[in-house]
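Note that the chains take the letters A, B, C and D in the order they are written out, and that residue 1 is the start of every chain.
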Amino acid sequence: MNFTPDSKVLIQGVAEPLGATYAPLMQAYGTNVVAGVSPGHGGKTQHGIPIFDLIEQALPVVGAVDTTVIFVPPYAALDAALEAIAAGIRQIVLVTEGIPPLDMVSLLRKAEATETLVVGPNSPGIIVPGQVLLGIHPEEFYTPGAVGLISRSGTLTYEIALELTQAGLGQSIGVCIGGDAIVGSSFPQWLQILDEDENTEVIVLVGEIGGDSEEAAAHYIAEAIDKPVIAYVAGRTAPKGRRMGHAGAIINSQIAELGSEVGTADSKINAFRRAKIPVADRPWQIPDLVKKALKLPTRKG
Amino acid sequence: MDLLEYQAKELFREMGIPVLPSQRIDRPKDLKGLTIPYPVVLKSQVYIGGRGRVGGVRFVENTIDAVAAAQTIFNLSIMGEYPKVLLAEAKYNADREFYLAVVLNRSICRPVLLGSQHGGIDVQTALEQMQHVVVDQDFSPFYARRLALKMGLQGSLIESVSTILEKMYQLFVQKDLDLVEINPLGISASGEVMALDGKITVNDDALARHPTLTALVARSDPGQPGHLADAPVAIESDGQIGILCNGAGLTMATMDAIAQAGGKPAVFLNIGGEMQWDASPTALRDRLEHGLEQMIQTKQVRVLLINLVSGLVPCDEIAAVITAYLTNRIRKPRSINEISPESLIAHTLRFPQLVVRLVGRDREAARSRLETVQVPLIDSLEDAVTQTVMLARATVRNS
Amino acid sequence: MDLLEYQAKELFREMGIPVLPSQRIDRPKDLKGLTIPYPVVLKSQVYIGGRGRVGGVRFVENTIDAVAAAQTIFNLSIMGEYPKVLLAEAKYNADREFYLAVVLNRSICRPVLLGSQHGGIDVQTALEQMQHVVVDQDFSPFYARRLALKMGLQGSLIESVSTILEKMYQLFVQKDLDLVEINPLGISASGEVMALDGKITVNDDALARHPTLTALVARSDPGQPGHLADAPVAIESDGQIGILCNGAGLTMATMDAIAQAGGKPAVFLNIGGEMQWDASPTALRDRLEHGLEQMIQTKQVRVLLINLVSGLVPCDEIAAVITAYLTNRIRKPRSINEISPESLIAHTLRFPQLVVRLVGRDREAARSRLETVQVPLIDSLEDAVTQTVMLARATVRNS
Amino acid sequence: MNFTPDSKVLIQGVAEPLGATYAPLMQAYGTNVVAGVSPGHGGKTQHGIPIFDLIEQALPVVGAVDTTVIFVPPYAALDAALEAIAAGIRQIVLVTEGIPPLDMVSLLRKAEATETLVVGPNSPGIIVPGQVLLGIHPEEFYTPGAVGLISRSGTLTYEIALELTQAGLGQSIGVCIGGDAIVGSSFPQWLQILDEDENTEVIVLVGEIGGDSEEAAAHYIAEAIDKPVIAYVAGRTAPKGRRMGHAGAIINSQIAELGSEVGTADSKINAFRRAKIPVADRPWQIPDLVKKALKLPTRKG
C-alpha cells in the first residue's frame, strides 16, 4: 500500500466527463497527479496535467506510477485496468459504475496473478483526510483523525464521515470497496490494513444488503482484528429482489445461491452481533458507539 | 433480468444445447397451426417458478384439448403473474432428471458450476445433493468433467453432461449472463440428454453490448423483478411517505430510519450515485428535477423527504431546483379553458409536504432560498426523519 | 489455406469491419443486375498478389464498359491463375492508405499486430515502415492502441484504427486464422476508415471446428498453394523418380539426397507420420497400399523409391503389402474382353521399377518375401539413393 | 527436468487408439507409467495400468506425477494439457498431431506462467535409451551412449538414431521438439539441457525448413554451448509454399514474415556455417562428423 501525498498518481479517462471534473479536485487536495491518459488526447494539457494516449508513453516522462484512478466508460474499464497492470501499476481505483461482472472476473484473475490491489468498481475510491484523494470523496465531509471508515457506498459514506466530523471524530482513511456485486478489494483486506495502520484507532464498517461481505468481515474481525470495530448495515427495509441502485445491493432468492438466507440485513447484523461487534441501528448513532469504543465521553452518556 | 423459458431455449438451440421441438403460442388459436406432433406439453411462460404445481403445465393429445388447455393457462395466475405467451413443446420420456447451472458467485468473484443428479421440481433434494466447482482460472472443459464426477456420473454420461456444461459456460461468457440454469436436464433410458426447462438471467450492466439479448429483452415484461429502478419503487400500499435520495446506500439508510421511527414509506427513488462516467458536474440538478416530477405524480405520497448528500453541486443550487420546481408547479401559467375549479383543487391537494435535508457547500444560502417558498432546510438526518414521520402522522389524522 | 478477397470481406462485414458495398460476379452478364451505383471497380479474385499491376483491377462507369472489362479480366491470367469470380465494388476516394495485419509469429509463439502508414501496392515501403506489437498475454484493446501509436497516428485516428485492429484480432481468434490482412485500409479526408482489400489465411488444422469456414473453403479452389498434400506432389516436370516415405522429415531428407546424387524427382508422397491420435497400430500398411496405388497412377514415375522407417509394423508385413500389390497389379485377373494387347503393353511399360528400403523389425523375413517378386531389400539410405538414381539414368538412356 | 526410470508418468488419452498402442510399449521399455486418464473409462485397467476419468482422481491413488504424455484428439489437447497443469504436473509431452496453433498459444501462455515444460505437439517425445520412453520413439533404433539427438521430426530422427547406433555411437537422449509451427520447448532450451547433461558428449541437431528454430539454435550454440554440435537440415529441395506433412515445415513468402528469407534450408545451413558448426549434407554423413568431433577414428578418415 502506498497512499501518501508523494506517491505518483495517474488518471485514466481524464478527458471523460467524470475524470475531467475530478482530476483538478484530486490535484487541489494535494494528490500528486503526474499524468492523465485518454486515447486521442495525447499531447494536450488539462489543469496543468499532461495527457498521454497510452500509459507506456507517460512512464518515461513521469517515472514509475503507484496508483491509477480509472474514470473510463464501463465497457472500456477492463482494458484500461489491464493496460495499467501491463505497465506495472499495482494499485488501481475503479470509480466507474456499470462494469460488466464478467469483465471484473477477468480483471481479478489477472490482478491476483500480479498481486495488484483493485479498489472498486462503482466506488468513490480512497481518501486520506488532509493528505491524499484517490477518487471522488468530497473533501468537506472529512477531517484528519483516528477513525478508519470502510464501506460499500458513496453518499452514505460521506454522510457518516460528516456525522463523525461533526462529533469531533476525524478519520484516518475513508475507503469504499464499491457498490457492485463483483468488487476487487474486500472488507477483510481493509480490516487487516487498518488493523496494522498506526493512524487508525477504531474502525467503522458500513455495510449493506446483498452478498456476504459483512458476514465474512464479522468472521474475520472475530478471528484477527484487535482494534475496536463499529458496524452499520443499510437496507433492513429494502424490498427483496429489487435493484436499489447498487448492482450489488440486492437480495436474491435464486437456487443458485443455494437457498441460504445470506444477503439480508438480518443475516449481516446477526453475524456482527455474534462476533460481539457493536451495530449502530441508525447512522447518527455511529459517533457515540465510536466514542464508547475509544472510552471518550459520549453525547448521551 | 430474467428471460422466459422459450427465450432461454432459443439461446440454448443456437449454442447447440439439445432442446425439444417447440413453438411459441401467443393466442390459443395459434395451436391450430401447430407443427409439432401430439402429444404436446403446454407451458405457461412466466418469470416466477413453481408453475407446474399450480396447473401451469399441461399435457394435451389433440388440437381441441390443446386450445382449451391454452385458454385455461392464459387465464391462470402464477403467484399473481399471467403469461403473455405459452410454449408448446414435444413430450419427452426422461428416465432421470438432473440439475445443472452456471452462476456468478460474488463471494469468491468467480463463476461456479452447479450440478445434482436430483433435478426437477423437488428443489429441496436438488439442494441437498448439489455439487459445485469453482472456475478459478480461465475455463477449460476439465472443470465441467470435474463437476460431472462430483455429481457421481460414470461412463458416457461424464462426457455428455460435461459437454452440456461446456456449452452452458460458453453461453454464460459470450452473453455476459448472471445465471444459466437447466432444470431438469432429462436423461433418456439410452443416455441421451435434453434441456427440458431453462432459466437465464442476463446482466443489466452488460446488456447494452449484446444486441441480440437487447432485442429479446425488449419483447419481455419490463415490470419483472430485478429490473433497474429508474422510476419510483413502491414499498407499502398504505404508506404516505416518499423518499428521494442520491445513492443506493443513502436511500436504504434513510428508508430504514423512516421505518424505524414508525413511518410508512410508500415509494422511494434513488436519483443516482456519483460514479457514472459520463455525468456532468451538474448532473445532480437535472436528476433532481426529473425525480421531483416523478415523485409528485405518485398520488400516494403525502410527505416527500428529500435527502441529498452533494459533493460537487453546492446546496444552494440544489435548493434553487426545488424552489423553481415549486414555483413553476403551483403557479404554472395555463390557458383559460384548462383551468377548472376541480383541477385546481385536486392539484393543490395532491402536492405533498416537503422535508428537505441537504448536505454540502453553501448551506446557508440554500436555507435562505428555501425559506422564500416556506420550506425549512433541515440539518441532520435524524431531525429530517423525525420531521417526516411527524408530518406523515398529521396527514393521516387530517385525512 | 487462403481465402479470396470477397470471402475475406464477407467475414469482415460480419465482424463489423467497414467494407464497401460489393457484389460477386460469376459471369460478365451478372453485371446487368448490378445494384451498386457506378462508378464501380471490378477486381479479379485470384489467390496470387499483384493483380493491379497486370490489369486485374479496372474502373468502369457504365454497364457496357463493365461487361467488356469483366470479359477481359475473366480471360486475364494473373501469374498463371485465371479468376473464377470477380468482385464488383463501389469506388472509394482514399486520402491515405494504411497496412494492417494480425499474424501468428512462430518464433515467439504469439500473435503479432502489424501496421504501417504506407500501405497499398508499394509493398517495399510498407515493409520499411512496418511496426509490430507482440500480443504476449491475452489480448486487450490496449495492444491495438500500442500499434496505432507506434505507427505514428494521432487524435481520433488512434481510436478508429485500433478499433479495426481489435476486430481483426477477434476474427483471428474466433476463426483460428493464420493471417488477417487489410491492405490497403483506406483513410478518407474526413478520417473515416475502410477495408479496401483483404486477405485471410485459415489454419488447416483448425478448419474442422469452424463450419462456416469449411463451407467457404469448399467453394474455393482446392489446387491453391498451402493445401495439405494427401496426393503425390509434383516436383520437376522432366523428373523420372517417385519418392514414397513415411514422415515429413524423412521425405525431405530422401528427396534432398536424390537431388544431391543427381537424380530428378518427379513426385513425392509422404504417407504420414506416426503422431495421428486415431492411427491404428497397422495404419502404415493401409497408407502404403493407398500410396502405392497413387504413385503407380502417376505416369511420369519410372523409378519408385520406397523408403519407410517403421516403429510399429514389422518390415515383413510392409513387404507383404508390396508383394501383394505387385502380384495383384501385374496378374490382376481380368475378364477376357478387358484385355487388349495395347493395354497390356501400356500397363507393363508404365509400371515403375521399385527400389525398396525398409528399416524396422523382421527385415530378413521382409528380404526373403521381396525376393519372391524380384525386388531386393536395400539396407542403407545411401545405397537406396545410389540405386534409385542409377536406375533412373538407365531409364532415361533406354527411352 | 526429471526423465529417470523412477519418475512417475501419466498417459492422457490412454483409451484412444494411439495411446492404447503405446502405453504398453512405454511400460515395457521401463517407464514408470502409474496411471492412464480417459474420461468415461475410469475404473478400468489396461495392461495393468489403472484408468481414471480425471487426473485429480488419480493423484490421491498414485501420488504426485512428474510427466504426462498426451495422446488425446487434437481439439481436446489444450484442455488435457491445462488439466495436467491444474493438477500440478510440470512436464508435458504432446504427441498428438493437428492441434490448432492458437490452442498452443493459449497453452504456452499458461505453461510459461507456471514454468511447465511442454514438448511437442506433433512429436514422438523423449527417449533416454535403455532407461525411459516418454512418447513413441521405437526402441530398436536406439542404444545408450553419449550423443544427444534433438530434432523436429519423427521417422527422420529414428533414421539418424539408427545411423548412429550402426556406427557404434549410442545416444544419451533422443528428443523431438515437434513438427508443428507452434511448439513448446525450443532447440536452445534443449541445447542448454544437453550442455549441462553429464551423459552427453556431443549434440546432433536435426533441423528442417520453416520457421527460424535452426537460426536461433545456431546463434545460441555460438554464444553459449561448449560441447560440439553437428547439424543437419532437411528440405533443400522442398517446393516453396507446400505443406510437406509437418505443419511447421513450410516456406512462406507472405508479407507477414516481413519479407525476409528466413525459413529456407540455405538460411539455416548458412547460419550453422557462420557459427562454425559442421553441417552434414546427407543423413548418413552424421556419424563421421560426430566421430570427428569426438576425435574418434572415422569410416573414411
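We take it that a residue touches a chain if its C-beta (ideal position, glycine included) is under 8 Å from a C-beta of that chain, and two chains touch if they have at least 3 such contacts.
Note that the structure is a prediction, hence the values are computed from the model and not measured.
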Ask   = Fewest touch steps from chain B to chain D?
value = 1
Remark   = Comparing A-C with C-D, the busier interface by C-beta pairs is C-D
Ask   = What whole-Å value do you get for the distance between chain C and chain D if each is reduced to the mean of its CA atoms?
value = 26
Note = Separation of the C-alpha centres, chain A versus chain C, in whole Å, is 57
Inquiry  = How many angstrom lie between the centres of chain A and chain D, each centre taken as the mean Cα position?
reply    = 51
Query = Of all residues in chain A, which are in touch with two or more distinct other chains?
reply = none
Task = Any chance you could list the residues of chain B touching two or more other chains?
result = 137
Task = Take each protein chain as a node, join two nodes whenever their chains touch, and name the resulting shape: line, ring, star, complete or other.
result = ring
Query = What are all the touching pairs of chains?
reply = A-B, A-C, B-D, C-D
Remark   = So, in the complex, the side of chain C touching chain D is made of residues 101, 103-104, 106-107, 109-111, 114, 123, 126-127, 130, 136-138, 173, 176, 178-179, 181, 183, 201, 203-206, 208-209, 225-229, 233, 235, 245-253, 255-260, 265, 270, 272-281, 309-312, 359-361, 380-382
Ask   = Any idea which chain B residues touch chain D in the complex?
value = 137, 140-142, 145-146, 149, 154-156, 158-159, 162
Inquiry  = Per the contact definition, I'd like the list of chain D residues that touch chain C in the complex.
reply    = 13, 16-19, 21, 71-75, 95-105, 108-109, 121-124, 136-138, 140-141, 151-159, 162, 179, 181-183, 206, 208-213, 216, 232, 234-239, 241-250, 254-256, 258-259, 265, 281-284
Task = Flag every residue of chain A that touches chain C in the complex, lowest number first.
result = 39-40, 42-43, 53-54, 56-57, 76, 78-80, 82-83, 86
